[in-house]
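Same chain, two partners: chain A is paired with chain B first, then with chain C.
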Partner chain A sequence: MQANIMETQASPGGFGKKHIFIVLAVLALAALPWFSGEFVQHLAVLTCLNVLAINGLALISRSGQLSLGHAAFMAIGAYTAVLLGKAFALPFIPALLVAVLVTSLVAFALGWVILRLKGVYFVLVTFAFGELTRLVLLDFAAFTGGANGITGIPAIEVLGVSFATRTSFYALALVVAIASTWGMHRLFTRPLGHAIDSVAVNPALAEATGLSVHRLQIFCFVVGCAIAAVAGVLQSRYIGYISPESFNTSISVGLIIMLVIGGRNSSWGALVGAIVLTPLPELFRGAVQTQHIFYGAALILILRFMPGGLADLPRQLVARFKR
Partner chain B sequence: MDWSILLAQATVNGMVVGLLYLLMAVGFTLVFGVMRIVNFAHGEFYMLGAFAAYFLTAQAELPFLLSLAVTFAGAVVLGVFLEWFILKPFRHDELNGMIATIGMAMILQNLALMFFGPDPLSMPTIVRGVTRLGNIVIPTSRLYVVGFALAVLVLLYVFLKHSRAGRALRAVVEDFEIASIQGIRSRIYYPLGFGLGVGLAAVAGSLMAPLFSVSPFVGSAPLLKAFIVVILGGLGSIPGAAVAGMALGLVESYSSLFLSTSTADMLIFILVIFMLVVRPRGILGQGEA
Partner chain C sequence: MNTSSILEVANISRRFGGLMALRNVSFQVSRGEIVGLIGPNGAGKTTAFNVITGTLPPTGGEVRYEGRRISGLPPSRVVVAGLARTFQATSTYPKETTAENIYRGMLPRIRESLVGPITGRYHRDLSASEVDGEIDRILQITDLQRWANVEAGSLPYGLQKKLGIAVALATKPSMLLLDEPAAGLNHEECNELARLLRHLRDEHELTLLLVEHHMALVMELCQRIVVLVQGEKIAEGTPGEIRGNPAVIEAYLGAPDYAHA
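Presenting the complex of A and B:
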């Protein structure tokens, strides 16, 4: 255990040869979609958007709370941006900013109240909030289009640059995905990140050392939900269609599965989980059921034998070889 | 239409639905009380119970009561096996245990999809005809369902209150550590508690199969209701789940007289969030937390 701590502390500073290989491999993987067909590009865009959403979920999870209503905040962001964009003919950037602001305010108000709850109680209350959001979107059909959703959402255009094509949107999504992952990595190698980690590991001790558990958890919840809002807005602009079912509880559950399989306590967990699990359902189109059974089994096996997720695999292997 | 007749009709319907919620929620809260695991696979056992009832009565033509007993026994055995095989490492590990049951739910639902197909099946009712109580008209099959559900609950009550195993199980729910000090072997009661809990879900599924359709997706709605009921009643509180389950069924039924269903649902979710924040111990104040 002592050796592990030394290792994790040493690794961010030193940039050895193996890191260059990893970076090159990731770059090659990221460049691949530009030289492939539309289908691969589509999967790549979905993967990047998932990376973003899961990074938001990971931030909340690292403060010790698991949100089962993450998709609801994607929905709040997406619906705010789309409805305001329609009503006031807002350009993309202002609409995005307003959506993020509104989502953050909702997350702040909700988080202030519900972050007192711990463990499964927090999970259940976020689950209830997700269902409530879906019902509200369904019921206020005059504004939200109800179960039919909203179609014909225009593609993103910033300062005359259009992101209507798949290749251009992929560039945008890739930048966002890498930026969010890099941001997570930076955050969790800094004092604020360590404070967040300590809150998850031992809230009482963190409180005793002068950290405000409540404040840190609210910070993580609000930022995590704001990231979800960005992901929701981008997704709505890419697909061109939203409905309450685009953001239902099974989406939230899917995000949790990707996070857990990728790795909850690693800055790379969201990246790994999304890259591994997003393309799979599309590749196994013919056998959706076997696919889901595989998901469920993988989830249980990872929880049981690799609680750190796939992102933890290299470290585990290294530790085994050194022994 | 006379208001008193409407009210009486709503009461009967509310009781039928309330008993369904009650059976689901009591099993759910039993699992939580014993293992501290929120069982996301609970609805899938309801679904399996519904399929079992369909195949045993409609295909194998067993009497309904016998098929109910077979379903319950089968579900308990399956639950004991799954607890021992999958959930054993996650006992008292709230978050990981919960995520593991999400995986279990996916596996069970998709196995059902593979074997039974996605199309809803409809099952013949247990008995035909209606029963008249004064001015109130009730389909007799619903009365049967109410009768069977009440019988199951009485059996459960007697088991938990008066049998040795039932008392031991309640002791484990109450306080796991003190129960083990008293010599209660948790090795037995974890699988048993889980098996009994999901067995009740399967019985609920069997009872409701003749009233609603049967498909691999029927488990999600009862699971959602079980969540609501258990939160309102207090996680881990069996009497709380019973009272809240019945109350939710009746309230839903009455509110359908003057509110739209979606408005009622929204109000219930707001109530759930409110309860979790203000009084997580539930309406009877017997839950954990």
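Presenting the complex of A and C:
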């Protein structure tokens, strides 16, 4: 028997000494933007924010449910923080906390009702919720600015430290991206993560052994949406502008595509997916239409040939090599 | 109320649309007993099983476990009360090893984890350092040590069914409900199952209720047998009494000729 089963139950692509080179490569990649131009820095910031949002989505996905309304929770977080910040002149941290709290409550109320739905029905309702959120933001123009959105959102300032410049914001975004990825890795090598995996793999057995499927899925949904709220708030402060279209369904779809291509069941899936796919639309700026074709084709190819995503590639190669 | 009874099924009914799958079924199981629930196909055995384990709420009556009402609770809460179940077909986490499957059965019991509070098990009896010992103990009880590091999905059918019992034991139940534990097992595996179940009762003070088709096993193992036919209890008694009960014989073999005269 192994020494400690809780530690040895690492997820595929788990952390070991052999991964030290990967870590070094990621660190080198992470440091690169500081020595590059503004454009690369901008892409790096967007990538980091995507990593955060996708990690939230991955948490929901690993409990066995797919949310097609993830961007709506980014929107709820962003609008709450911005509007409350304006109305009560709240500093950044309190505004962020309130936004996370409000988003969690919305996710809890929604999740309590709709997490009894399975598979495609859950996907449909989250899609509808995403559209509903967008339409509410459009229609209540007196508060939300409607289709014009809200401009002039101030940069983040915490205890006198300003994150107004691109380089300083990148540092913040990088910390957040790494922290969320590390958090996912920690979670899924621990009992709670194993319980969440159990619920996704065999819900009947999980339920029969005392792992309440409903409660664990609500937990994942609420925490995943709270993470989305943080990503939404950070994005609004970075761009300085939000509108209902900043968080529409195609953003949600994009997050799902990045998650699936990166790897749904790996702690590194969000990181890999965001790094590979975030820069692409920007590089294809001249041909915005082909970008969607590329996304779609990549998604089909991955689902067909690599259901575990890119993050699962090393393990697959090793398995093939051993055979 | 019988003070030694651990499970009381009181007048439960279950209706599916116009079909009464269960009609006012009552029986009790005493602590330390092995009770069999039998009946021809369509008798409502599986419905009764699902109502007791919380998979289905009853449309009438109630189920009490250790004096507490458990009907209407979801299965995960019924387990917390001490009543664990196994599945008719195999049910495992196929990509995980045997040991890891057992470990997953005890997750809500681990003190240093949020699993218990989130899933509603507030009484946690296992510290993280005791987990490996507990897994070994269950591997030993079920005689699965040799397969500890084998992926559950690649185990033969009989061993997967045994693993199902092991995972149920990992929840630390005081009573085990087994849904056709002998289905699909060969003669030798069947004998081993009977040995295991008897061992669980004698050495681990478990109470057992099994829904079973395998008559020889039921007659050999059970102290009492409850017979369901078309959703109603038609007989209850020792294997000897059941074997000689005309109503049971009629249900299984059809009415004797003179009944048609």
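The working rule: the second predicted complex is superposed on the first by the 306 of 323 C-alpha atoms of A that agree within 3 Å, B and C clash if a C-alpha of one lies under 4 Å from a C-alpha of the other, contacts with A are read in each partner's own complex, and residues count from 1 in each chain.
Definition applied: contacts are C-beta pairs under 8 Å (C-beta built on N, C-alpha and C of every residue); 3 or more make two chains touch, one makes a residue touch a chain.
Keep in mind it's a predicted model, so treat the numbers as computed, not measured.
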Once the structures are superposed on A, label A:L124 by its partner contacts, choosing first (chain B), second (chain C), both or neither.
first
Should A:A89 be classified as contacting the first partner (chain B), the second (chain C), both, or neither? neither
Exercise. Mind working out whether A:F219 is in touch with chain B, chain C, both or neither, as first, second, both or neither?
Key: second
Inquiry  = Looking at A:T209 after the superposition, I want to know if it touches chain B, chain C, both of them or none. Which is it: first, second, both, neither?
reply    = second
Applying the document's definition of touch, where does A:V113 land relative to chain B and chain C: first, second, both, or neither?
first
- [ ] Name the contact category of A:A297: first (chain B only), second (chain C only), both, or neither.
- [x] first
>> Tell me the contact category for A:V161 with respect to chain B and chain C: first, second, both or neither.
In response: neither
The answer to whether chain B or chain C touches more of chain A is B
Given the complex, residues on chain B that touch chain A span 38, 86, 89-90, 94-96, 98-100, 102-107, 109-111, 113-114, 224, 227-228, 231, 235, 262-263, 265-266, 269-270, 272-273, 276-277, 280, 289
Seen from chain A, its contact residues with chain B in the complex are 66, 113-114, 116-117, 119-121, 123-125, 127-129, 131-132, 135-136, 138-139, 253, 256-257, 260, 288-290, 292-293, 295-300, 303-304, 307
Within the complex, chain A is touched by chain C residues 53, 74-77, 79-80, 84-85, 87, 91-96, 99-100, 103-105, 107-108, 110, 113-115, 118-121, 128, 131-132, 135-136, 148-149, 167-168, 170-171
Residue positions on chain A within touch of chain C in the complex are 1-6, 9, 190-192, 194-195, 197-198, 201-202, 204-216, 219
